[in-house]
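Read through the structure below, which is laid out as structure tokens, and then see the notes.
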Amino acid sequence: MKKKEKAKSQSQLGLILFRFKKNKLAYISVYVLILIALAILLAPLYMDYDKAIKQNISERFISPCWEHPFGTDLYGRDLLARVIYGGRISLFAGLAVILFSFIFGVIIGSISGYFGGWVDQILMRFIDIFMAVPTIFLAMAIVTALGATPVNLVIAFVICNIPSYSRIVRSSIMTLRNMEYVEAAKCCGTSNLRIILKHIIPNGIGPVIVTATISLGTAILSISSLGFLGLGIAPPTPEWGTLLADNRYYIRYYPYLGILPGVAIILTVMCVNFIGDGLRDALDPKMKK
Amino acid sequence: MLKYIAKRILLIIPVIIGITLFIYLLLDFAPGDPVALLLGADATQEQMDALRHELGLDQNVFIRYLNYMKQVLQGDLGASWFNSRPIMDEFLERFPNTLALAFSALFITIVFGLSFGTLAAVNQNTPLDGITLIFALLFASMPSFWFGLMLQILFALKLQWFPAMGVGTIKHMVLPAITLSLGTIANQVRMTRSSILDVIDMNYVRTARSKGASEFHVVYHHVIRNALMPVVTNWGLTFATAFGGTIISETVFSIPGISSYLINAVKVRDVPVVMGTVIIVAIIVALINLVIDLIYAVIDPRVKLGYTS
Amino acid sequence: MALIETNHLKKYFKTKSGLLHAVDDVTLKIEKNETLGVVGESGCGKSTLGRVILGLLPATEGDVTYDGESIWTEKGKKKDFVYNEMQMIFQDPFSCLNPRLSIHDLIAEPMIVRKMVKDKKEMKQRVLELMDLVGLSERYVNAYPHELDGGRRQRVGIARALALNPKFIVCDEPVSALDVSIQAQILNLIMDLQDKKGLSYMFITHNLCVVKHISTNIMVMYMGQVVEYTSKEALFEKQLHPYSEALLSAIPLPELRKSRDRIVLKGEVSNPINPKPGCRFAPRCKYATEKCTSQEIPLIEVEKGRKVACALYM
Amino acid sequence: MALLEVKDLYVNYNTDEGVVHALNGLNFSIEKGECIGLVGETGAGKTTLALSITQLLPKHVGEIVQGSIVYDGNDVLAMNKREIQAMRGEKVSMIFQDPMDSLNPTKTVGHQLLEVLNLHFKELSRKEKQEKVDQMFRLVGIPAERQNEYPFQFSGGMKQRIGIAMALISRPELLIADEPTTALDVTIQAQILDLMRRLRDEFHSSMILITHDLGIVVDVCTKVAVIYCGQVIEFGTIEDVYARRNNHPYTEGLFKCIPDLKSDAKRLTPIKGYMADPANLPKGCKFSNRCDYKSTRCECEEPEFYETGTHGIKCFRFEGQQEK
């Protein structure tokens, strides 16, 4: 009974939040992720960037200790510093990728889905073209052409992500544009823009946000994959992928070199995934119970 | 049916033209002179001009593209700018490795994805369901290069159960294929689960139960096939993802496949190699999608009858 | 002059299997303060007709006039006055309200769009007035649609339609998704509003029973065409077209009776895709003769104010 | 002995938003060969009752809290899975509301009929089963050749015919039809009702017809039970109830708010207010908040069932009248 009271007079958003909070794992993940993000964001306040890039051969391969909690790598750089500063690129490049893909995807998908007809046909044929090869191939080609900088990395992945976002937005809008409340809006002469912004996007955005959250994890992993392949960020800038690539031949002798950065990446990405999962369940209560 | 297949194959052509044109222009637009890269720093202007002429780089980019495509249509992908080896030869050598890898990953993904997804769905809201989902998310959160390295160190270098690198036997394939399927299994499990849960709520499943069928009969005869439909459509994407993932697997396990070929070409901007790879990959992905659509038609009578009528 | 008039209105849709004659040659007239009941089964084109009259769909042929003026400009744009004068009440109380908006915002939305109200205070007052008019308690003003039941949602939909003070409202099956006890409430409300505000309605339904009380005239449609068009009294007195007769007879009435002499039609409705000339009801009609399919059956006036399209009356 | 006897049944749905009390002490029974119409509005608990009888309530959500269901002398709630499965489909069959999605879209309709025989009549030969299927198709008015087609190739009315064929092929003792014609057009509804009447006479099955339409019941059934807020509030033969002399105030209201084709009254007489929230039910008579005759007693005390012959009404107005 009490629960019922609580659900009363809540907007849909409120209801979704209410359901999300019931998913403990997802709820905890939000806090953990905020902590990780703060640690990464505020790194300059408590940790010298020099520690992450300055080579110091005399201190190479020091196992984790009080001074170097994650140990040092083959050039004697502090691994924790490298992981934290590396996270800046991975996490924020990932966020940027999602943000821009989201914006472009919503714009293209809405136009395509709402107007249909030849506009849709043309846009979708373009989308087909970019879906013709696996994203990582496309991203590789774009990064090589533009040069390996963080900004170009983001551009490459945004181009790769737009198609799937557009498609999701498009299909969700195609079902919504036939809803009776959209017709009701048309009846009083609401402009197309207002219909899209006020009636369609707020109702269709849910699945897109879920996709965005889940693909944030994928984006972080893909960016570090390119780094691992030597196609991402140019050294010595620390980045999660390059960091592992640098040490890959020494991991068998110094396992901490692989395990600790790996755990850091997994923890971050897993939080993102749990949140995405929680959001999905909150948006689609049918999946629970 | 044949008409449909022909139509689908014809539709691949504009897509291929689009993607190749995009990449061709992109590589051309990119800063830096490939000729300078090829000849090194101390080449003279004459040498550079000569090579540029030899490679046809002194012409307009669209004309070059047209000439290139003409050549491709005759089945000739040209030669690498770097070692002048015909690209086709190189492909034929490397392709089987990559394909074998991608297909084994697809196979592992489907087998594990379907069985665990079904298991989780049927036991919805039990600990089994929860554990499956958490593991799926855990695997989805691992960088595959890291996972590959860990597998390599543990099972190849320490335990020596499998070879650490190269190709040759089935054993060589095990670790790379597992690494590769890591990224796709999680998604497959989740999709299968949610799709089955969707179907299990359908009225026709209730109808089947009302006929007095056992739960196993209901799931086996009425749920799985219908639940497979959205999952099967996703196999195309799964394959593409696995195919893209071979880059990592091949790098970690030093497999001479098409992906490692591409990485090197991309690093030195070997345009014909990049273009050739993109064309071949696009064709393969499109064909796989076609095959998957045909499988779909077998499962869904609506589509099948739509083709024939 | 009639408030709403259509003249040989046609709406065709292109489909894969041919041209769908959704609305085929409909001529109708709705006077001020009158209600036209449009009755037919699913797929007979009644909803499409309503949408064409409101200008939500462009007509393939023919025109819709409001007070003698076409609702379309020369260039094919909808004229501005249409939005203020003509509104719609929808069938599905669940999908007709945007779930993200509160009841206040839902009712206020048309007034914001048409810039009818100056400030927030006036808006709030207008909204409360409208809620009162449709019998919604004030405490729901900040509620969201998912918190209301079907009957109350339908009241919100009616309040929204009334927000712009329209003269003409198309009611597209407004009660068919509701329970009978709620149905009667909503029907009464719609009739009361007509008296209070001098509204004209086009009332679309599949249930002849429902239009019994509300209509002035009734139009029976079958596969895109009008088969009978007459005053309510005349129709319930005697149905001239065999389809109207069957439709009325098929309604299960909650009363004891000895014999069950209802007409059961054979066959089912098909789509009017590339229809053949002749009566479209002929395949299901027990009176059908060769005459029915060999020639076009026009809608002809058999008595004053009574039109039927049937070979029996030619 | 009654074929089916439901006694004091309470069913809850445990949802995220709280507990919904779908059935609240429902009593109901049906004799062999009877055809009872179960009338009520959305949310009254009609479908819940049907699903409780066949133990098909949604897992984890629907829960039988109290009461008993006895079918042919056997306690349904005590049956194990196998016994329930043996009962479903063979002795008790169901016809569902929405013909659009009550059939498996990827199996031919013939196969779906055959499945019932494969489950319950294993002793029959293939040929015999096939013959039965053919015969069933003819009986519901579908050419037997069409059994190799898929559900999407049929119209709504045809699909419902197939649903009926599927429910009757095992010649069940009890048929539960849950709003079988609600999704159909009136002229098709008339066809289906006609068919159901014919088959009811032919198969001699007992039938529970669930509907919201009082008009359908009088056409097909011999007895009627009116259900409101998860309770049967009036029960009797068609003649008892439709004579409209003594009715529960709710039934009376229902009759009044159906537009009458004969009267010329301009306004309808609706039942005021809305059905009580099943998550938050009133203490006394569940209808008291909408009732014109209510007294303070109705608000705090639940009325019993007062019976006169075959006619029972759950309302204090009829207290003491049962002797007459």
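As written, the chain order gives the labels A, B, C and D, with residue 1 at the start of each chain.
Here, a residue touches a chain if its C-beta (ideal position, glycine included) is under 8 Å from a C-beta of that chain, and two chains touch if they have at least 3 such contacts.
The structure displayed is predicted, hence computed values, not measured ones.
Here the chain-to-chain distance from chain C to chain D, counted in touching steps, is 1.
Note on interfaces B-D and A-B: more C-beta pairs are in contact across A-B. Between chain B and chain D, the centres computed from C-alpha atoms are 53 Å apart.
Chain A and chain B have Cα centroids separated by 21 Å. Among the residues of chain D, those in touch with two or more other chains are 60. Within chain A, the positions touching two or more other chains are listed as 288-289. Listed for chain B are residues 125, each touching two or more other chains. Against chain B, in their complex, chain D makes its touches with residues 54, 56, 60, 81, 85-90, 93-94, 96, 98, 101-108, 115-116, 119-120, 150, 152-153, 163, 166.
Put simply, chain C touches chain D in their complex at residues 41-42, 149-152, 179-185, 187-188, 191, 206-207, 209-210, 212-213, 236, 246-257, 260, 262-266, 268-269. Of all residues in chain A, only 25, 125-126, 128-137, 140-142, 144-147, 217, 221, 224-225, 228-231, 240-241, 244-245, 248, 251-252, 255, 258-259, 261-262, 265-266, 269-270, 272-274, 277, 286-289 touch chain B in the complex they form. Listing the residues of chain B that touch chain D in their complex gives 124-125, 202-204, 206-215, 217, 221-222, 225-226, 299-302, 305. Chain B makes touch with chain A in their complex at residues 14-16, 18-19, 22-23, 26-27, 29-31, 125, 133-134, 137-138, 140-146, 149-150, 153, 157-158, 183, 194, 197, 201, 240-241, 243-245, 247-248, 251, 262-263, 266-267, 269, 274, 277-278, 281-282, 285-286.
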